[in-house]
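Next up: some structures, all given as structure tokens.
Both complexes below contain chain A, partnered by chain B and then by chain C.
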Partner chain A sequence: MKINRRRFLKTAALASATTAAFPYFYTQKFAKADESDEIKVGILHSLSGTIAIIERSLHNAELMAIEEINAAGGVMGGKKLVPVVEDPQSVVRVFRQKAKKLLLQDKVVAVLGCYTSASRQSVLPEFENNNGILLYPTLYEAQECSYNCFYTGAVPNQQLDDFAPWVIDKFGPRHYLIGANYIYPKETNREWKALLDNHGGETVAEEYAPLGHTEFATNINKIASLQPDVVFSTLVGDQIVAFYKQFKQFGITAEDIPICTPITTEQEIKGMGPEYALGHYTSFNYFQSVDSPENAEFVARYKATYGEDEVTNAVMEAAYFQTYFLAQALDQTGTTDADALITEGLPGQEFQAPQGKVKIDEKNHHTYLWARIGQAREDGQFDIVWKSEDWIRPDPWVDLLYPDKDCDFTDQRVIDRIKSGDRDRSGTIDI
Partner chain B sequence: MTTVAAAGRFNLRREPMFPLWSIAGVAAVVAILATYPLYGTEYVMNLLGMFVCFSIFALSISLIWGFAGILSLGQAIYFGMGAYFIALSLKLSYAAENPTRYGGTIPDYMEWNGLTEVPTIMAPLMHIEVAIVCLLFFPTLLAFIFGVITFKRHIYGVYCAVITLAEALILQEFIIEYQAYTGGFNGITDYETYNNMYFLWVILGVAVLLFAASRLLTHSRIGTVLKSVRDNDVRAEFNGYEVANYRIFVFCFASMMAAIAGGLYAAWMGIVSHLDTGPILSIEGVIWAAVGGRATVIGPFIGTFLVKGAEFFLSEQLAWAWQLVMGLLFIFVVKFMPDGIMGTIGKSIAMGRQRAAYAESEDAFQSGPMAVITRLRSAFTDGNRGFMDNLLGRSGRRD
Partner chain C sequence: MGDAVLTQFFSGFSLVAILIIAALGLAVIFGVAGVINMAHGEFIMVGAYVASVVQSGLGGNTFWSIPICFVAVGLLGLVVERTVIRGLYDRPLETLLATWGVSLILIVIIKMIFGTELHYVGSPEMLQGGFPAPGNLPFPWYRLFLILLSILLLVLTFVLFFRTKFGLAVRAVRRNRSMSEAMGINTARVDMLIFAYGSGLAGVAGAVLAPIKTVSPTMGFPYAVDSFMVLVMGGVGNLLGVPVGAAIIGEGETILAFLFNSVIGKLLVFLLIVLVIRIVPRGIFGYQERTLGHRR
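And now, the complex of A and B:
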């Protein structure tokens, strides 16, 4: 069959017209009615890929909280929270697409999700463009505040401000800093160095290992020759396990040089074996060993649901209580309207969490948390050796480093900017 | 078998460059995709645009692997380079135009890493025209250098695969390490994206152009040489073809194609990270091409849509077991369709044609005065059947 131009055009036009019309009728069939006695909540944590281990525990904690809330009668006078679970596969691109899906297709009232800063940053534009709500449970480097995000994990001032003077006082002023080479450790170390300056400490060395790098012989040799008083570590993930192991295998004990860190949780200690972490220190808002009735119940229920040898950790706890923040905000405003929840519902929300009473700050979308210092024990749990007297206000633009910046969503300039439809939805202001 | 001999004699019709069914099919698919935003959801539109970008990427792998026999496990290098050029360009201009966003006119990640201004070498990228020229030039140049180093030294096959894999890892590490310039582990995000119907048309237009160009290439004389190089490079060289030059050419062409796909992807998605340059995406691309049919130009499109589509569908419906189902699907394809979906279909069509041609020949020469001559001739030429079988026109099959 020969093809001339007329035949080509005819075929192409005919095929295009028929097939273009077809899906129109097809999609009409699937237009669904709203189910009004259910409120959809997105759960966006990786269940596969490199960060799935930790993210699955957040996913579990959130599902458990939703179950509890529904069992206690639901929200807004008997409506059930329905989790819409997505697996973003530890890939930032997929995070972004799944966020889009949850917002546009499922029309969820809010999304509980993300673990790494990379994933949060990848989804934020999506939440800002579509006026969604993200509740983010991880400790992070701060210097950010988005109108569409609520941050329920710790920011550096809540973990470091009391930790640094305590460490200097107890062990000495000479600190060796080691971290993974990306934004969180770098920012945390900047803050730590500023605190050292303030409290008479000094940095003997500052070294970064590429992410995923798990061979620390040269660093440990250097530590042995420099003999610092303290190793301050901001290594993450598998690196933590490798570093603690190699540190002990080299023959340095926690009595010689303690490792102090704002990251290592029960989860990593379970991964490396408690004998490697024994005696080292972690600063966190929550430990599984926190002594409170809420925590006893939280741990018992988690173990009953997901297995006796599971451990709880601080990020999980935040994932758990942020679900309650959302439920209470829905109850209080009586609406699923995003702007109402963002401006009235969530700010100022309080909850008696396992770590103690927590509250979302009225102005900056971050959360008041408690500070604790724990020393690792033989059983992989922490002895809490110090605890703050009160909850600590979150300061996303730490005063020590950014005295002229703040985050305030009640500031008229910010309100005007967001109302004007500006794409910039951050609450950062100069003061 | 007799069928083969008969087909060789009678099936002289060459497949046309653009058969009617393929024109109709492509037009239909393009029409569906192009009009989708009018009635579909934004989320699915976003997925479709991404699938088309990935399809172009898979097509570039098909060209070098299916048609030229070069298995690259680092094709995402070129995809990623294209994506980073465009993402950087959009990010730089976005930061410059929105000074309140980051409290300065440089991208947020540069500020975090202690830069106070955009490095001079990167500043021209702010103009999208410069970025597009870079996108077309640098990945192709890199592919050329790589081609000269490996193909000219007769490094093929599995060694080539290992080298490309290493290259992809190196680029990924490089991007993570030089985070002040590349955004590091967090990648580049939060810039003006082109996620609308008009840009979808641009993507589709580019896809159709590259698809047609690939078809022209593989059905040209060069394409024939490439296939012969794939099937037996020693013999091709012996016949006087400079095998390395053909390989370098197709490798450069495919790399430029991958870079274009990456550039479209960056503008469409609004996010680029080190994962888009690494071995995982490269290997995914190889899978898409393999499932669709690596030695066809339509196969990569079908493979990408099928695998990516299934991935998104299954990960929504079966969040806990979707990987298992995908694994079974791959095993099925490798075990039962080693040529991929389109390859298998193409083969069965070709076999059907051969049978038809053979049947035709039997009819034509079964009776009449020519029959005796034909039988006599084939009795001596067709060695697969017995001499007497041929002479008497018996089938010769004794099963």
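And now, the complex of A and C:
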């Protein structure tokens, strides 16, 4: 068959028409799902690939929460939450495909998912174009807020604002900054340096290691010759393990120079062996050692479900309570309508989480969390040496760096812009 | 400042040792059998997991896991050679793909057995801590152990190649395969044993690197990259290329990282490698050889 220009155009037109109509057919077929006694919830975490290590634990925590909610009678007067699980294989492109599938084909009411910023940013356009809801549990660099996303992990002000003065006060003003070479560590260090300026500290050096780089003898040598009071680390993944190990092997202990970080959790300590993390400090909202009845139950149930060897961590705790946020919002609004959930159901939602009482901010879609500082001990758990007196308001545009920006979905300008169908669905405004 | 430079120089040695240990197995296999083993990094990874089993299951330390890993990963290499590589010796591109496939399979198998979380391997009691060295940091015993081990492995490999009958056969096969066959050397057996030996060395690398780095299913890739870099720099076909390539890359990287930072250090070393490939494509110790009957 000879393909000439006209035939090509005809075929192409037909093909694109079919593709365009495709979502419509699906809509027809699944429109009735709302009236059944099941409510589909998407779970979008990598179960294979490089970041499956941490994402599987988020997946587990969310499934456990769904089970608990169903066992307690479900939502909206007896309807069951049904998880629709997809594995995006740690590949950013696949995240987007799977998100689209969950939204258009499965018609899930909301998706609990993503871990890295890259994956969140790749799926967000799908949620914005199709008016879906994403609940995102990771601590992240902030500086964004989308109408279609709720952020239940910590933003920098919740982990750093109290940590910096505490560290300066306790150990001294001279800080050596080491981080992985990508956006999160760089943004965190910007904030940390601003905090140091504010509280009379100084940066003696700021260095980055390429992702995957696990040889730190050079950095440790520089640390030894600069003799800072504190090492502030934003290394990630297997870098953490290698750095702590080599730090101790070169004979520097936590008493000499403590490593302070907003990243290292029980999970990494388990991977390196507790003797290497001993005495170093982490700032987080949640530690497995938090002393509350909710946490005792959470840890016990997680271990009973997934194995005695498992440890819990801050991100999975957020994954756990965000599932409850969703269930409560569904109960309260009595509908699965996305706009109703986004504007009425989820904002202001409170829950007695393992870390303490948490709440979604009424204005900026981020979450009020508690701040804690933990010191690693011999058994790989943390001694909580400091805890905030109250929950801490999330500030996605940190005042210190962005005094003239804020995020407010109750601002009339934002409401009007989103109602008008504008492509820009962020709640960021200039003040 | 002078102290820091001294310390830097010493820690550079330990990186050189790590590179030698990681690259030696690859060099042996590539140099003799002519197979580019893309699964080399994963062989190291399997070695690290065997070491973690030796530690947690049998209670043995690194000194135990070195011979056990050598044998275990050597056997794994033997099996891979017999089943996958054997039929592909004359097709370099296919061996590349096949060994890459092997690497993916190994990652998945390890994940199925051990899960995806990081595993913990400690260093032996007697090698913990360090001794006072010139410079501003004590030098870890464990790194001294790595340096000595890398020298030992190099010497053992040289002895095997230049002082044994098997080594003579290996060198003959390397130079002229069909002639060696005509002389009665069982070249298939030489290939197989060399592949097993090279794999065993990768296993040893995994055993000794586990205590200073991370043990996870995806840990192998960076080592494979570093090892290839050492070979490209030093040249294949001559065992001397390994220590020389490792020395240039290792010391270069640590010194540059000290002068600038790790990111720029890595960048400059990559640049240097590109330059070397441009000027001496066969690497510093590579040479044009008579390849009559050599499998290509």
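Brief remarks follow.
Basically, the second predicted complex is superposed on the first by the 396 of 431 C-alpha atoms of A that agree within 3 Å, B and C clash if a C-alpha of one lies under 4 Å from a C-alpha of the other, contacts with A are read in each partner's own complex, and residues count from 1 in each chain.
Keep in mind that, in the parts below, a residue touches a chain if its C-beta (ideal position, glycine included) is under 8 Å from a C-beta of that chain, and two chains touch if they have at least 3 such contacts.
What you see is a predicted model; the values in this text were computed from it and never measured.
In the superposition on chain A, contact of A:T264 is made with neither chain B nor chain C.
In the overlay built on the shared chain, the residue A:R423 is in contact with chain B alone; chain C does not reach it.
When the shared chain is aligned, chain B and chain C each come close enough to touch A:N181.
In the superposition on chain A, A:V91 makes contact with chain B only, while chain C stays out of contact range.
Of the two partners, chain B and chain C, it is B that touches more residues of chain A. Shared-chain residue A:A52: touches chain C; no touch with chain B. In the overlay built on the shared chain, the residue A:T218 is in contact with chain C alone; chain B does not reach it.
Contacts of A:K101 after superposition on the shared chain: chain B is touched, whereas chain C is not. Contact with chain B, but none with chain C, is seen for A:S122 once the two complexes are overlaid on the shared chain. Applying the stated contact rule after C-alpha superposition, one finds that A:P210 touches each of chain B and chain C. Under the contact criterion defined above, the residues of chain A that touch both chain B in one complex and chain C in the other are 48, 181, 210. Those residues of chain A lying in contact with chain C across their complex are 48, 50, 52-53, 56, 181, 207-210, 212-215, 217-222, 224-225, 238, 241-242, 245-246, 249-252, 267-268, 270-273, 275.
Residues 1, 3, 7-8, 11-20, 22-24, 27, 47-48, 85-87, 89, 91-93, 96-97, 100-101, 104-105, 117-118, 121-122, 124-125, 143, 181-183, 186-187, 210-211, 405, 417, 422-424, 426, 428, 430 of chain A are the ones touching chain B in the complex. Looking at the complex, you find that chain C touches chain A at residues 1, 3-4, 7-8, 11-12, 14-15, 18, 111, 116-123, 128-130, 135-140, 142-143, 211-216, 218-219, 221-222, 253-254, 257-258, 261-263, 265-266. Only residues 16, 18, 20, 23-25, 27-32, 34-36, 38-44, 46-47, 50, 98, 100-101, 103, 109, 112-113, 173, 176-177, 179, 184-187, 189-190, 193, 269-271, 273, 275-276, 312, 315-316, 319-320, 322-323 of chain B touch chain A when the two sit together in their complex.
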